[in-house]
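Both complexes shown next keep chain A, but they swap its partner, so chain B is in the first and chain C is in the second.
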Partner chain A sequence: MHAPVDPSPGGAAPHPFAKPKTHRETYEFLIRQVLRAGTYSVLLAVGLIFAHIIIKGVPVVFTTKAPFINTNFLTKLPETLHVIEDKQGKIYETSPQGSDVIKKELGGNMRSEKTISYSGGGILGPIVGTALLVLVCMVVALFLGIASAIYLSEYASHGKFIEGVRLAILNLAGVPSVVFGLFGLGIFVLSAPVLTDTPHERSLFSIPLGFTYMSFQGWDTCVLSGAFTLAFVILPVIITASEECLRAVPQGFRETSLALGATRWQTIWRTVLPFAMPGILTSSILGIARAAGETAPIMFTAALAFKDKLPWQGDSGFFGIFTQSVQALPYHIYTIAARIPQSEYSERAQYGSVFVFLVLVLMFAITSVLLRRKLRAKYQW
Partner chain B sequence: MPNEPKASSDPGASDLIKPPRFMGLRIDRQQVIRAFFSVSAAVTIVTLFLIMWTLVTEGPFRLQKKLGFLPVPTLKGGFLDTYRWELGVYRKAGLEFCDHVKKPLTEHETIFSRLKRAVGAELNTVSKVSRDRRDAAILAKTHVEERAALQREALQEALDKTGPATPPEKIEELRKAVREATARKVAAEVLPPLFTDAEKQKLQEDLRGLQPDQEDFPPFIQELMAESAKQDGLAREKFAAFVTAVDEFEVAADPIIEVHDAMKELALATKELAVQQHMSEDAVAQLLAAAAIAKTPEEKAAFEKDAAQTDTTAIDFKGRIEPLLAKRADYEKLIPAYLATVKKVMADMPSKPLTGEARTLLAKARKDLPEHIKTVEASLHHMSGWKWDKPIPLMQSLSAFLFGGDWITNSSWQDFYGMVPLLTGSLVISLTALLIALPFSIAAAIYVNQFATLREQEIIKPLIEFIQAIPSVVLGFIGISVVGDLIKSTSDVAWLQWIPGFPVAERLNMFNAGCLLALMAIPTMFSLAEDAINNVPRAFSEASEALGATKIQTVFKVIVPAATSGILAAMLLGLGRIIGETMVVLLVAGNRIAIPDFSDGIGTVFQPAHTLTGIIAQELGEVSRGSPHWQALFMVGIVLFAISLFINWASRLVVRKFQLPKI
Partner chain C sequence: MVAAPPAPKKPVSKPAHHEPSAVTPATPTAEGVISVRGLDFHYGTKQALFDVNLEIPARKVTALIGPSGCGKSTLLRCFNRINDRIAGAHISKGQVVIKGKNIYDDDVDTTQLRRQVGMVFQKYNPFPKSIYENVVYALRIAGVKKKPVLDEACEHALKVAALWDETKDRLKANAFGLSGGQMQRLCIARAVAVRPDVLLMDEPCSALDPIATLKVEELITQLTKEFTVVIVTHNMQQARRVADLTAFMFMGQLIEFADTTTIFGAPQQKKTEEYIRGIFS
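The block that comes next holds the complex of A and B.
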């Protein structure tokens, strides 16, 4: 990178014999300020957006009384909000169950009742759903991504195959996320293999295994489908980041290891990966942020607008957590921002969810940036 | 991580002689590990292939089981085939014939609404003030009533109460409460400066006396209403010729609409039959397939019996189309009278309209009316040349998709899957976003790389890259909640009216989406452009400075031109990111499926639109698998995929073509 050649030409203290500024200099100064204004206005726009969300979101998530956090909002499932007004103009906000009680109490004194879908309760369901999706997605993406990166940096030599892989990575990175959604729908939801005794009629084909069938009928909309789709969305990011970290390990380490008689695999496992792994993981956190933020890929593969149970509150056991659809934060935001009529009550739920979502995603991103900076300083060869 | 295979023990002499073994097989373990990693790397290629496979087998092709189990993509049942069938019914049932009549009618509607607005603008010159005063007074009344609703309702209830009547004292008490509340609200209500102070007092007086059981408007408002009606009458007299001409123009289409409605009924009946017949044919095919794999002869017989009983007699399209064709004569008979009215309107339009709005509207109408006459005449021509049994080639359904100007779904008339409105929406939004993002990202790249101090660099670069981490749905939400209102209120400012497209009609429009997408694209474009500028060899700038060029001259005449390829590639990749973005456009672009009206010039960007990505996200969840609509959405997916591949290819080409000589 160029160090600025001449950081401040006009910065010296003015002295009485200074030449007056020429037109050229004024012009240059102006151009420079225009460029600077352009740069800072982008940051300003983003800053304003953040400020807006924080100003509107903080009152929803935090309270003025101890414990200062609106625990209901973070620990309850979304539900329909009932707003009841009595004849004295007093307004009650309550859950569907609470509304019956209040209505009975008020009797003839009730003036009006409004219901606002999804805007009551909290957002625990969407948070848990997003966490599950991201968890599974990271396992899949890291496994595939690191393995591909090891091949690219440790094994591959020049050739058609390697060129093909690089081209594929490049193109995958450019595929619109909604097309990944279609891909996930077609492959994971509708035709991935499952073990079942009774193949579904939409099954592409089923292979008898003796005791059961392996049927290519798909996993339906569930956490697994969504997480696998997300994994392929962020795969290019993970591969590129991992390869960069692997290549940053000095060649001398490998040569030393090989010279001592270690095999290729031993070299990778014992000398390359231990040094590359921290870097790989931190750069991948940025992938997490991306995966958590994507909406389009999970729209048809995993997300559900409303669900009144947490994933583990079913009776389908541990594996059942991953084979059911869940609510997800980005999809929840889309639902309450665009698919229900707007009112002051839905606005509160919107800003609260957006604030929490942004905080979660940015926490990942900041961690990644800070850790990466620290690691770079630590591993200097 | 894969499990670590057992570490090889000391390589003794025996190991050197024996071929290496893995899990008891004669395979080199290192080879197996290598193969595992290369398979992982191949996953990317396989994924790309699977994306294409999914898009193709759910879109233009359909998987059919061959030999009983092997799924093979075939054209039959794919989008082209099903859409061709739909278009075939559209033609054979005569819906297409009816649409020849519908086209002039639609035109008539748009022209009439423009003329009506022009009439309104002209009338306004006389009657606007009095009407505004009336509306303001009525609005104030509604406001006051709404705000005192609690007390009013309580009184109303007491008055309406059946059985033992409420005691008069109680009622009086309630009335007093209403009066008090109303008086408070009246005091709070700000009246517009349309009224003089004396009038304001009069109006407030009237409003204070409002009671729920009072049905008539208060006297002052009645006065205003009478005044407004009088002024309106005067205005209508003044522009009598124009008003009557437009009224006649509206009525002139009525007989044609009647004929059209009769035709529609006939055509729809035929279409319904055709759809039913198609469904029963499908049912028969399914029954026969079930019969073929039935386990017992009884089952088989039952299936075959059911199949034989299903009615699949072909529809007599020819016989059913006759009465429809006969309607053409009715339509033809109506045309001369209609055209005469159109010409009368053209003559009676005021040559010197009084207001600017009427001027632009009438100018449009003057251009449109001769076109309209041509359309009417052309419709006759089309109808006489129309053949119900003209076959539709397979490629026509493809071109109807690629170049069709209508995307209409769930319609009671006919579904069309033409992607032009979506594509234009996507393109206009992307270009807007690109035009906004380009100057900012390049300015930032130049500034950060060439002028900023090291400290600034360290702060700005991560911050801009940080924008990438903002989820798109959050940006979309910002578009709905903030940017939309911001654009709308800015566009209402009086001294900004010279900007084309102002004042904007819709809060959610292409410009709004473009602004937010620009913000999304800036980090990508900034990073790549900054890299490109950074990669310009140092010798370039040193040589330039040695020749006496100033810093700005060096930057704009040497460094930026040398980095052109990288900047262009950055632009293209930014474009790819913008076109492929879904949530922002779905939330913010306004979702109106129509080709934007480009006659507004640059103001076009303030219209709402729908996009390729948005339509998939919005509609795919609601359609059943394998229906033409579903397949059409996958076709849109193919288009998007192709665009993304093309942009990638183009950006690599650009980089290669403009590569700098190595120094």
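The block that comes next holds the complex of A and C.
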């Protein structure tokens, strides 16, 4: 039965480890090359995108003279760019106020004036808006996401219903983001409850609470509405990732903690969560980077194409950071790239914004890695 | 199916339906004693324990031995109701009476129960925290906040676990820096820190090397000064070395329960004898 068999039937076998003469090797080789080609083309595409953005964006954000950074671009609000050309062909780029001064100076020497919307000034408004949206979204999404992940994996008993819930959450990930935008418009902008003494007339209904009214009139277009909408866009990612991280916590920890007289929540709070948190945060931050880049969900709920005030400069003061509408980077990029006539000036503003956005997302990624390292060091395992 | 085993040596009380007053703290062995009465245990539809009757005396080491899958862990885990976690696990008949109370009664709070019936697991599993925080975990859970109380409990528990000299200078260090044997002793310290009456151990040495095993065994015999110890072991030498009494289980049934010397020297049951002689293992 197990008598030595000639390893290569039909051929002389010089030694027992001789390669069988088949096409297997060629086949292996081909497969390997196909896989490699796939990987390299992805790399190439990523490289091209980044190179394009960097080549076009760096000259806008950085300058050749000290302080080497175009501070105006990062610290001023967007405004209309005026480009004036005099009869000698000299070109002045200026703000709306500056254009009057220059026109007066030039007098009859002016040949032409062009205005390019949104492309002058800087992009502080969009940066601040995106930062606020992302921060509030992060708080909301982490809270809701971790809470449901804990419930699903630690409390709920396994069954058809829970499987259904999981499936529904996964399907949520396939919903187009513009649908989330409309959902946010319907729910948060137009019908979410607020406490107010004077319910709006478009309020769906209001419940008198004695000292004030709870009116279902929506939160209006504001950071809060946008952040909640964005939170729902990334919830599937966060819930799924958190559940995975919770599952990765050894069962032994839970059992030990319970055996020491801990309740279920004490076990989760003191043992399971500290262990799972680094993973949850890392995977969530990637989801949050996605939220930062979403345009459709905030178009109807939080973002304006143009706004000449920072959120805290409005009537509501500091709380404007929640209750005011804002500009946001992705929407700003969309506006400049697709909603106004193209020119070299609008392109400049566009790539500058894209570059800044890329840097912000990169910073997010780095933060997540550092955070993970730090937590890992604290709870070495 | 094996016939129901004859009643083990002596103080076995009659199974189930027994009026609880029969075990009042008045009886000499009542303190810290566990009595299992006619226990039938199921994992879903699979029955794992069949009519188990057992009286575990206080301040002694009682070993549960038997072939793999015979239900040793299941029985042990019935004593602190940690089996409650497993979906479908339930008791269909019988009682586990600890300190005169059936712990499966509806009015028993499992967290209180587990404070008095501690458990040490097979795989040493300190939490990813400092040595100190590991030891005082159960106290913090119980709401103890005062640092002197915690410090005192920590020192006492580590001394009980014979770990104080090795760790007193690095209480704040992460517990994962300890050796395997030290970690298991830390787990024992963690379990005794709330001063339970009973300490359950499920193969506490099976993940340890021989020297660490000897240390832990030495410790176990010391533990009877304060605790009633129930230990599951696969290692019969170990049972011989540490246990005052030994229970032999087979296919979910308790076959024989007697002094360790009797079980290993002159077992009454044929199955016990066969197992001891190594037919099953």
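Convention: the second predicted complex is superposed on the first by the 324 of 381 C-alpha atoms of A that agree within 3 Å, B and C clash if a C-alpha of one lies under 4 Å from a C-alpha of the other, contacts with A are read in each partner's own complex, and residues count from 1 in each chain.
Just so it is clear, a residue touches a chain if its C-beta (ideal position, glycine included) is under 8 Å from a C-beta of that chain, and two chains touch if they have at least 3 such contacts.
Just so it is clear, the model here is predicted, and its values are computed rather than measured.
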item	value
Contacts of A:72 with chain B and chain C, given as first, second, both or neither	neither
Partner chain in contact with A:263 - chain B first, chain C second, else both or neither	both
First (chain B), second (chain C), both or neither touched by A:36	first
Per-residue touch tally on chain A - higher for chain B or for chain C	B
Partner chain in contact with A:28 - chain B first, chain C second, else both or neither	first
Which superposed partner A:316 touches (first chain B, second chain C, both, neither)	neither
Which of chain B and chain C A:109 touches, first, second, both or neither	neither
Touching partner for A:198 - first (chain B), second (chain C), both, neither	neither
Partner chain in contact with A:252 - chain B first, chain C second, else both or neither	second
Common interface residues of chain A - those touching chain B in one complex and chain C in the other	261, 263, 266
Residue ranges of chain B in contact with chain A within the complex	1-2, 4-5, 7-8, 11, 29-30, 33-34, 36-38, 40-45, 47-48, 50-51, 53-55, 57-58, 63, 65, 69-71, 150, 153-154, 439-441, 443-444, 446-454, 460, 462-464, 466-478, 480-482, 519, 522, 534, 538, 541, 545, 550-552, 573, 576, 579-583, 586-587, 613, 616-617, 620-621, 625, 633-634, 637, 640-641, 644-645, 647-648, 652
Residue numbers on chain A that touch chain B, as the complex places them	1-7, 9, 24, 27-28, 31-32, 34-36, 38-39, 41-43, 45-46, 49, 52-53, 87-89, 111, 143-144, 146-148, 150-152, 154-156, 161-162, 164-165, 168-172, 174-183, 185-187, 190, 202, 204-205, 232, 235-236, 239, 261, 263-266, 269, 286, 289-290, 292-296, 299-300, 330, 333-334, 337-338, 347, 350, 354, 357-358, 361-362, 364-365, 369
Complex interface listing, chain A residues touching chain C	157-158, 250, 252-263, 266, 270-271, 274-275, 379-381
Chain A-touching residues of chain C, taken from the complex the two chains share	80, 82, 85, 87, 111-112, 114-115, 118-119, 121, 123, 125, 127-129, 137-138, 140-142, 174, 176, 187, 190-191, 194
